[in-house]
Amino acid sequence: MTTEDTSSLAAESLSKSFGGVRAVDDATVRFVPGKINAIIGPNGSGKTTFLNCVTGMIRPDSGRVSLRGKEITRASPDRIVRLGLGRSFQACRIFPRMTVTENLLVPVRNRSVRTLLGKAHDDATVRRAQLWLQRLGIDHLHGVEARDLSFGQQKLLELGGVLMSEPEIVILDEPAGGVNPSLIRWISALIQELNAEGRTFVVVEHNMELVMTLSDHVVVFDRGRPIASGTPAEVQADPRVLEAYLGV
Amino acid sequence: MSLSSTGAVPSRRAPRQRSRPIRACWRHTLASESPPNLLELDRIEAGYGHAALVLRGLTITVPRSTIVCLVGPNGAGKSTVLKVASGMLHPRGGTVRLDGHDVTRHGPQQRLRAGLAHVLQGHSVFPEMTVGENVRLGAYTVPDRATVATRVQFVQHLFPVVSEQWDVLAGLLSGGQQKQVEFARSLMIDPKVVLLDEPSMGLDPKATATVFEQIERMRDTGTAVLLVEQNARRALQTADIGCVLDLGRVHMSGPAPELLDDPELSQLYLGGHVAG
Amino acid sequence: MPRLLGTGTLGALAILVLSFPFLTDTGYLLSTGVFILNYALMATGWNFVGGFTGYISLGHAAYWGLGAYATAIMITRLDMPWYLALVTSAAAVAVIAVPVGIAALRVRGASFVIVTIAFVMILLLVFQSWAGVTGGSSGLMVPRAFDVLRTQHHQIFFYLYAAALALTLLVWWAIDRSRFGMGLKAIREDEDKARALGVPTYASKLVVFVLSAFFTGLAGGLYALWFGDLDPVFQFSILMGAYMVLMALLGGIRELFGPVLGALVVGVSVEYFKSEFGDTQFHLVATGLLLALVVLFMPEGLIPWLRGLFQRFGPRASSIREVSAGELAEQVEREHAVDEPGSRS
Amino acid sequence: ACGDGDAESGDDTIEIGISLPLTGDFSEPGEGVRRGYELWAEMVNEEGGLLGRRVELNILDDQSNADRVVADYEALISQDEVDLVFGPFSSRLVLASARVVDEYGMLFVEPAGASEEIFEAGYDNLFYAAPAVADDHYNYLFDYIMEMPEEERPDSVAYASMDDPLAQGTAYGLKDKLEEAGIETVADEVYPPNTTEFSGIAAQLAEADADLLVGGTQYQDAVNLIVAVQQLDYQPRMAAFSTAPTLPEFSEALGDDVEGILAPTGYSAAADYPTNAEFVERIAERYDGRIPSEDEANAFTTGQVVQAAVEAVGCAEQGECQQKLIDWLHENTVDTVVGPLSWDEAGRPDSAHFIQQHVDGEPEIVLPEDQATADFIDVKPEW
Amino acid sequence: MSGGLFLQSLILGVLLGGLYALMAAGLTLYFGVMRVVMIAHAAFLVLAGYLAWFFTTRTGLDPILSLAVTVPAFFVLGVGIRRLLITRLKPATMTMMSVLLTFALALVIEGLLGFTFTGVQRRIRTGYSSANFEIFGAQVAVVKLIAFVLAVVALGSLWFVLKKTSLGQALRATIQHREAAELVGIDTDKVAGYGFGIGLATAAVGGTALALDATIYPSLHWHWIGPMMAIIVVGGLGSIPGAAMAAMALGIIHAFLQVPLGATWAQTVFYVALFGTLMVRPQGFFGGRLAQRF
């Protein structure tokens, strides 16, 4: 693959089918480095499955995924994270029996034995976690067991977990789902800041308002393959998109 | 006991006539000479385990063929309200009345039989049963096969997923598809009162539209709908009455349109007017 | 407070343990003491897997038995010196645990439990049938390591066990506080999520699994040297495995000293039950009831339960948003002013 | 009779510690041994006790577990501080307990540790209170078979044995001799203790269809094995099993099917040794007219052996007394209900076992001829 | 091996396999419908066996008649156990904790059996205990045949209840999402109770069938736990037809292996099969795949 920008993520004709269902069907996607990419598409169009293939959670049947020109198709999820790719889950996943802070202490990208055997609760890390919680507006809950959080709070916490691993590329599966509109605004502000710091974003979202205001580049999925891509404006104008997704 | 409680209703109403905005929600419903309230939550105090209270003396009433929409920050207690209403969580104080009868002590099944349905937030399909089984189970309490059959057809027509994926294990569906199945399942009965916890979460625009259509349909067929939505604008556009919940109290309430135009509200709870 | 409590327990335990042999000289009490230490070592060893990853192994007796037989065979067949045999066999057990772990850790929950049961069952059959090497059902006699009176023999092994236990606890503690440990606990909570956050789940599980086997095997080796008579039915029994779980659970699997405390309680009561209801099967009933009570009423274990009692009176963290949306808005605005955690990568 | 140490061992009593398999694999013979011990104690006490002190038995149940039996003797000796110990039942448990007793330096006379391993371990404090060690249990039967005329002599043998020192000891003791004599082994099955499913083994025995079936058994396994081969309709011409046929439960479990089944036994009710008559009589009155079983006899023998030593040496407590008792037994011969016993330095008795056969439903001694109470049935009736 | 022995082993294998199938079916039922690993299942089998034995020795009637008492009794017992014990477990930790809880149950049962009936091994002796008839030169033991028939009947009715009644569905819904199940109007308590009751009822039948032709003693259940667990994993946790088929297959293989390998080594076939399954197909060969995704 041609040498590209340091944080380029691309998928070459990925396919994944489950029994009969072709969840992802020969999808080729190049995400714009350093920008906020959005993926939209009807329910069941394969967005999440596509992300699962990209992040190594499931093995694609065919096709290849590359990060900074390096192939990562068969790499294990944890290795991919270490390469700087962080992702959040749609049905939000947190560690129920851990406190909010501990939830953020889990991700460790450095694999050296010294780091691993080092103290988990060391001050620097804990302070960093605290700052993230503040930016997400849930720092007052730091001592609470995650299972006691409300749904939206859990979504925020999950986002925090992803950000703690300081990924260069952040993949978010419906970060705004079930989140209060005001918080959505803060989240999008946060995303923009982090993007300004040079992180690439890939956001799957059904909240069109958010997608249109936030993203620089939009990919539209339908029946497992990208049917259109471009700036929000372009995409919004595209008849295929209107027909397949917006349904107006 | 149902007698005494119904008897108690009018006497209780009197003092609340002149009450602070916290009861506004309820007062408003009186104003619009609407039929008796199907669901009444009266000065509810509730919390989880030993932890502090989540709901602190909250009062909400939902009249027949009305959509009351609860909006509020995450963790305000919206889902908790619904759990209390459906009997999944027993309040520490206050009373729950269903069609005038005190059901505070009743469990979910009793309230279901009394005509109250609750669609949970997040995923509540039966993951290892097919979409078909899931939908049919929605009509578990409906004895008449014919009715079930017609309703199945109805939801299949509403949500293509249901018919297309009829034999797929529900747990394997995509997030949005699962929500659609859940909603379809809730349409298998026609209850007097429906509690919907963020039905449009994770749905694509088309499905969202369908869902809101159905909510309106329910309202028009006389159902009382208590709707929790984070997609607040959309929700308030559909709803008759809006209640803003914060810190476990009714922070503000009134006719949905009024709330929509309230600047302070839209700033704090509706995320302002997202430019663009 | 908890730190203080911890060190307190530690000191108390240490003193109690080390002074025990001087408090009694009847061989029976001594041997009971040794047996309880053996339990404690096994349970703590078990807790490397059970406690950190939440994978419940009912077949851990397998490693105990393997350690015991390996030591015995090395001494009798290869006539190694006892200390060499002890260490080598523990290591050997760890090596054996690698392939087993690779196979067993592929599955979670019930399947895992069943696999561990199956493993101990296989070993039982093998060690019963392979009489040429293992002595079959007639068991295996281990020559005495030290030529001393029986009571002294007990005393020596009491201290050997105590040392091994101390070592094991140290390692557990080190992992518990480490980032590695945090990853393991994440696995216990939600394995897939942990992977997605960069925890190398499979490797981590395997590491603790092998460690666990090692220390359990060590316990076995010591047992062989101390008790001196191995019987497959006893060495490879699910019951023994269940005792390990019971003890760890009773004390609290998230606690450093949980298994030790559990071992003390179970060990004492089992010995008591056996001597009380010796020739009836009543000790089983008693043990069963104990296990049931723990599972039903203090699934978190004794230590957390006690701690809970204290905290009942102390202040508790409330999970409610105590800030209204308004305040939160301002606060967040402020956040944007202060330094960006995101910038330090 | 369980482990509560309240049996105060003052000067006026002699407390004897015993661990027995009252439950589990060996429970039937275990119970037999207990009956033997208790009868002995009763009779001694009637006579005014040992050295004028009452005898008290402190019996624990080891559930047929090797680990329990060790713990039991440890407790009995160090905790309850008993004055003497008697052995448990069956070689497996004797093997395990011999060491702990030895390390406390106590005399260990045992009724049921017949297998060679025990004596090879070389404990000088151990004595097996029965006529012969396991390997020699079948000696008379072997001689008899050899004297049979060619055409009647079984020319194929099938062995099925529990993986247990005694059981295998007896069966393989015979196997070695027969093979040496050129009689072909057509099947040789070994099963672990606690096996309950015998149909597979039976299928092969039936397939081999040997003339002589030898079972190295304890109790229940013998019953199950026999029923299993019956279900496959295998009819050997001769069948010999260890231990089980010497127990009263055996014929209760199998009814008439026991007819003609052979077994080695260390005891004959008919033998006219001193004290035997009285022993038989006492058993009869205790257990409605039944003749003593081997295990009752061996247990009683154990008592007699220890009694002889104690009375000769004149002491019975822990400490150097025990060594005196041991030394005395090494020097002397003791008259018992199984005949005069003396031992080699490892504790092996040096006489021979009888061969018993169920004739008309009763266990009779058929070998050796001079002791026989009934004639040997050459061809076993169908079972 | 000779033709005669081959046929003989085959017959023994099939008859035994039928019994395994019934035992495993009960075990997999608990898991399939409520994620409970019922370690005590084997103990209940032995209990039923003892009751049958006790019944026969006391009344002198045929042990099979004891089913009239034990089956309903065990059903009620099952409902009770579920009510009083299982419900107290947190759904999150259900699988793990149920292992331990039912393990405790097994110990208690074993203990009580030993306490009341002593550890002495028992065997039911009926007129037909050693009866047998011949087909193609191979012998078929009457008792084994009866046990087999019992197993088949029980399995059949089990299948009917779960497939042809709404109970089956309600059961599965209950375990998969309790709250949701209640919200669609299922009486989750009652339903799960029935599930457990049925499971134990199968144990009653299985135990009686077992006791017809085997010795029973309190600690016997340990010998069954291993093979049965292996069977239900190979068959696919929760899949009753899977368990039945795996049981039959392994039963036959076991019978054949006994000839060359002998009793003990043959036993390992169950565990070898188990590990094999994990390597090739962790979810088992017939098991409905669990709906897990991210």
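Order of writing sets the chain letters: A, B, C, D and E. Residues in each chain are counted from 1.
The rule is simple: contacts are C-beta pairs under 8 Å (C-beta built on N, C-alpha and C of every residue); 3 or more make two chains touch, one makes a residue touch a chain.
Since the model is a prediction, treat every value here as computed from it, not as a measurement.
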| item | value |
| --- | --- |
| Shortest walk length in steps over touching chains, chain A through to chain D | 2 |
| Remotest chain, chain A as reference, centres from CA atoms | D |
| Greatest separation from chain C - chain, by CA centre | B |
| A-B or C-D, whichever has more C-beta pairs in contact | A-B |
| Centroid spacing, where centroids are CA-atom means, of chain C and chain E in whole angstrom | 31 |
| Approximate Å spacing (C-alpha centroids) for the pair chain B, chain E | 45 |
| CA centroid of chain B to CA centroid of chain D, Å | 80 |
| Separation of mean Cα positions, chain E and chain D [Å, integer] | 38 |
| Chain C, residues touching no fewer than two other chains | 125, 128-129, 192, 196, 280-281, 319, 321-322, 325, 328-329 |
| Residue list for chain E, restricted to those that touch at least two other chains | 114, 119, 262, 264, 294 |
| Residues of chain A engaged with two or more neighbouring chains | 48, 57, 89-90, 96, 148-149, 180, 182 |
| Residues of chain D that touch chain E when the two form their complex | 22-24, 27-28, 63, 189-192, 194-197, 199-201, 203-204, 206-207, 219-220, 223-224, 227, 230-233, 253, 257 |
| Chain C residues within the chain A interface of the complex | 174, 177-183, 185-186, 188-190, 192-202, 317, 319, 321-323, 325, 328-329, 331-332, 335-336, 339-345 |
| Contact set on chain D toward chain C in their complex | 1-3, 22-23, 59-61, 65-68, 70-71, 74-75, 77-79, 92, 95-96, 99-100, 103-104, 117, 121, 162-165, 192-194 |
| Complex contact set, residues of chain E against chain C | 31, 35, 37, 85, 88-90, 93, 95-97, 99-101, 103-108, 110-115, 119, 218, 222, 225-226, 229-230, 232-233, 237, 262, 264-265, 267-268, 270-272, 274-275, 278-279, 282, 294 |
| Chain C residues within the chain D interface of the complex | 26-29, 31, 125, 128-129, 131, 136-139, 141, 149-151, 153, 227-229, 231, 233-234, 274-281 |
